[in-house]
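If you scroll down you'll find the structure; I have some questions about it.
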Amino acid sequence: MLDKASDWLIRLGAAGLVIMTAVIGWQVFGRFVLQSSPSWSEQAALLLMIWYVLFAAAAGVREGFHIRIALLEDMSSPAMARRIRMVIHCLVALFGIILFVYGSQLVWLVRDHVIPSLGLSRGFAYIPLPVSGFLMAIFALFHARDEWRGNTTGEDV
Amino acid sequence: MEILVLLGALLLLLLLGVPVAYALLGSALAIFLVIDIPLVVAVQRMAAGISVFTLMAIPFFIFAGDLMYRAGIADRLVQVADAAFGRVRGGLGLVDVGASMMFGAVSGSAIASASAIGSTMVPLMKDKGYPADYAVNVTVTAAVVGLLIPPSHNMIIYAAASGMGVSIGDLFLAGIVPGLLTGLMLMLTTWIVARRRGLPRGIFPGWRKFLRALVYAIPGLMTGVIIMGGILSGIFTPTESSAIAVIYTAIVGALVYRSLGWKGFAEAAQKSVRTASMVLFIIAAATAFGFALALLEVPAQLAALIGLMTDNPILTLLIINIMLLALGTFMDMAPLIVITTPIFLPVAVEVGVDPVHFGIILMLNLGIGLVTPPVGSVLFVGSAVGKTPVPILVKTIWPFYMTLIVALGLISFVPALSLALPQAF
Amino acid sequence: SMKLSGALTSADTHVGSYPTVQAVIRFGELLKERTNGKLSVQMYPGGQLGNERDTLEITTFGGLDFNRVNLAPLNSIEPLTIVAALPFLFESTEHMRGALDGPIGDEILASLERHGLIGLCFYDSGARSFYNTRGPIQTPDDMRGLKLRVPGSDLYVAMVNSLGADATPMPLDEVYQSLAQGVIDGAENNWPSFESGRHYEVARYYSLTRHLLAPEVFVMSKISWDKLSSEEQAIVRQSARDSVPYMRQLWDEQVERSRKTVLASGVSVNEVDPALFTDKMTGMWDSFVTTSKQRELVDRMLSMRTGKS
């Protein structure tokens, strides 16, 4: 279930990357070939980038691909290492919750601001922050639970 | 006091093993609480940090590199390089340095260069028996050279930040010799390290096979021609060239080599989005962290110390370099240029350093900061595309750091290296 | 954020020597003097805290106390600010200052309060004109087919497209190289930015269209404002107003310096007849001036024209 959610985040992210490629390709085509630059392409590409980076970053918590320095864990006994990992997962969950709470506040505060050339609320650029923060917290808490139960494989229990 | 909270929290979280991005975010949140800045600001800085047009080069070049690898384009390129330079021990390392220098020179971005060259060269060097850490270290340090060789948008930022009427044309000319010098020194190091570690050496396959490899590699070689030609002829910007590289590679892979189908394309996109988000999420958190550092005026406090310590020109320049290197370990390049230039440039000018010369020192110095932990986006790109953890890279990167530091010393204390060309024209 | 060394914070994207930065520093000195050292300002120039749109948001959240921004980022927050950003609206600097230093300007500044900002005063931003790598622009016909960089703003896009050129939104830090390589043919800005960004090294034709005289705005966070006593609020307002003549003096000097540098480098500068361009603007104005309040302000501004220039 969680793995499925994580896979879908990556698929959405990949779609975002492909669409962004098309948008910038169209920007070059419009300016150089059609002699008419699209005015929306820059903002649209930036918006897409925030979305897919944060979605994939949430999946990264599930898949455990975020860069970290595991020196302490490597030097510790297996039991100690497990405790360290639990603390780390809980901290990641805490930061995820902060992203969720303050990301939601951010979306709300700028709801009246407009993204130029797209005409959308600025909140759209920030929506992935709370969504991603929420998912990060969930993924990290389940990892912490798995460590608690002694299941370090990351599989659903 | 607040600075200690900020750096202490960061080191604590990093050593505990919290992922780098969360450690940066966590320490930024801690300092925001201490100095009473709303936490919503930290979250906004994260989004703003990746809402930057030039950063698009990271996902695009990673994507293009992965497509080239899957489609067999990169393999054909390396066969040619291997045939041409393979007889030298660590020959592919030399090719990597050369390619990174050329790419960095044209794109002006160390991150773009590390993304583009790293995602094509590193997997192939691994295939040919090179250790991943060596391949990554060569790529990331060579990427720094591109900041010195014109054009370089960081030099434009410096010229504007200097407020002293520094000419971009002079800066561009001044960067050429230091850039080539640093590049040659890195090639030498690459070769020496390869000999010491007994890295593989290829065999020249004979002219027939070499020419055949060359012909098969033409569509791949065209990627470089299209990117560089497109930039130089004004069809697209360096940032846009990264998206063009994706489109071109996908077309060549699907239609010319017929080795890339929908499945491979989708897999490449999924893999690239993981790698890119790993790096960009750190950059996002580093932006929140950098906001706290700027608010605490860390650079200004450091500059105030210099005046107390010495008025000897050589010592002053040395201290400035050490402070910039220290700042560079924690912050990214563009924000550091705008923050440190107005603070350190007057100090340097006071002891007789030419502003153009100082610009070149600053570029290389802050460029080194891009490949040092804990905050080094170019190092992170290398780590991500090479699938090699930062601690492992750092274990063997010392010869390359030393080379860059020696180059920095030469460039700092031999002004003619930078100033001869602009003074001649 | 007063916990930080007791000073109020202020952000600016321009470098430390720039007139807007110096004016806010002067404002801080006045504030310190008039509150007997209780209130002072810590300036963060050079965009070190983020671009204008971002720091403006942070100011509305109370993360920064003061901010100096161009009118453009306010356009996407408050529609009433658009009227002062209309191209070819102000016929001269005197016209702009006359309109914005009085009740019209006050109404625009007051409209920011519901967005969490206290508008304190307007600073000069000079006149923006087109520069390009191809040749002098005398009439709108000379602009046909030119790819001209604009900031990411609907108003600029509409303006440049109405004049027959191809508006190309692009971040400022990509402009120099894009001009040099020919990705774009030109851009538009005031004398100081044309000079400080070194764009004159590659774009050798500057045509004085003076299409925009949109001002800079100095704002305070409403959250920080509400923490002040009414006496302190009055001092803040008055000190901001008192910094305006100083800013304009610095500005005029800066423009003169930049103009001299650019001219000395041999850039070809030409005057144009604004009437040839103004005619193309009517349709564009209509699509941005949509409310009766906007219309009223525009009419009042137009009635202040002297017709002399």
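The letters A, B and C name the chains in turn, as written, and every chain counts its residues from 1.
Please note the rule applied: a residue touches a chain if its C-beta (ideal position, glycine included) is under 8 Å from a C-beta of that chain, and two chains touch if they have at least 3 such contacts.
Keep in mind that what you see is a predicted model, and the values were worked out from it rather than measured.
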What is the shape of the graph in which nodes denote protein chains and edges denote touching chain pairs (line, ring, star, complete, other)? complete
Middle chain, criterion being Cα centroid separation: B
If you average the CA atoms of chain B and of chain C, how many Å lie between those two points? 35
Which integer distance in Å separates the CA centroid of chain A from that of chain B? 24
What positions in chain C touch 2 or more of the other chains? 57, 61, 170-171, 183
Could you say which residues in chain B touch two or more other chains, in rising order? 40, 44, 53, 235-236
Residue numbers of chain A (touch at least two other chains): 42, 109
Give every residue of chain A touching chain B within the complex, in rising order. 10-11, 13-18, 20-21, 24-25, 27-28, 32, 42, 45-46, 49-50, 52-57, 59-60, 63, 65-73, 84-85, 87-88, 91-92, 95, 98-99, 102-103, 105-106, 109, 125-126, 129
In the complex, chain B touches chain A at residues 13-22, 25-26, 29, 39-40, 42-44, 46-47, 50-53, 55-56, 59-60, 63, 235-236, 240, 243-244, 246-247, 266, 269-270, 272-274, 276-278, 280-282, 284, 380, 383-384, 389-391
Which positions of chain C touch chain B when the two form their complex? 1-4, 9, 15-18, 42, 44-51, 54, 57-58, 61-63, 170-171, 173-174, 176-178, 180-183, 196-198, 201, 261
Of all residues in chain C, which touch chain A in the complex? 57, 60-61, 75-77, 115, 145, 147, 152-154, 157, 166-171, 183
So in the complex, which bits of chain A are touching chain C? 31, 35-37, 39, 41-43, 109-110, 112-117, 122
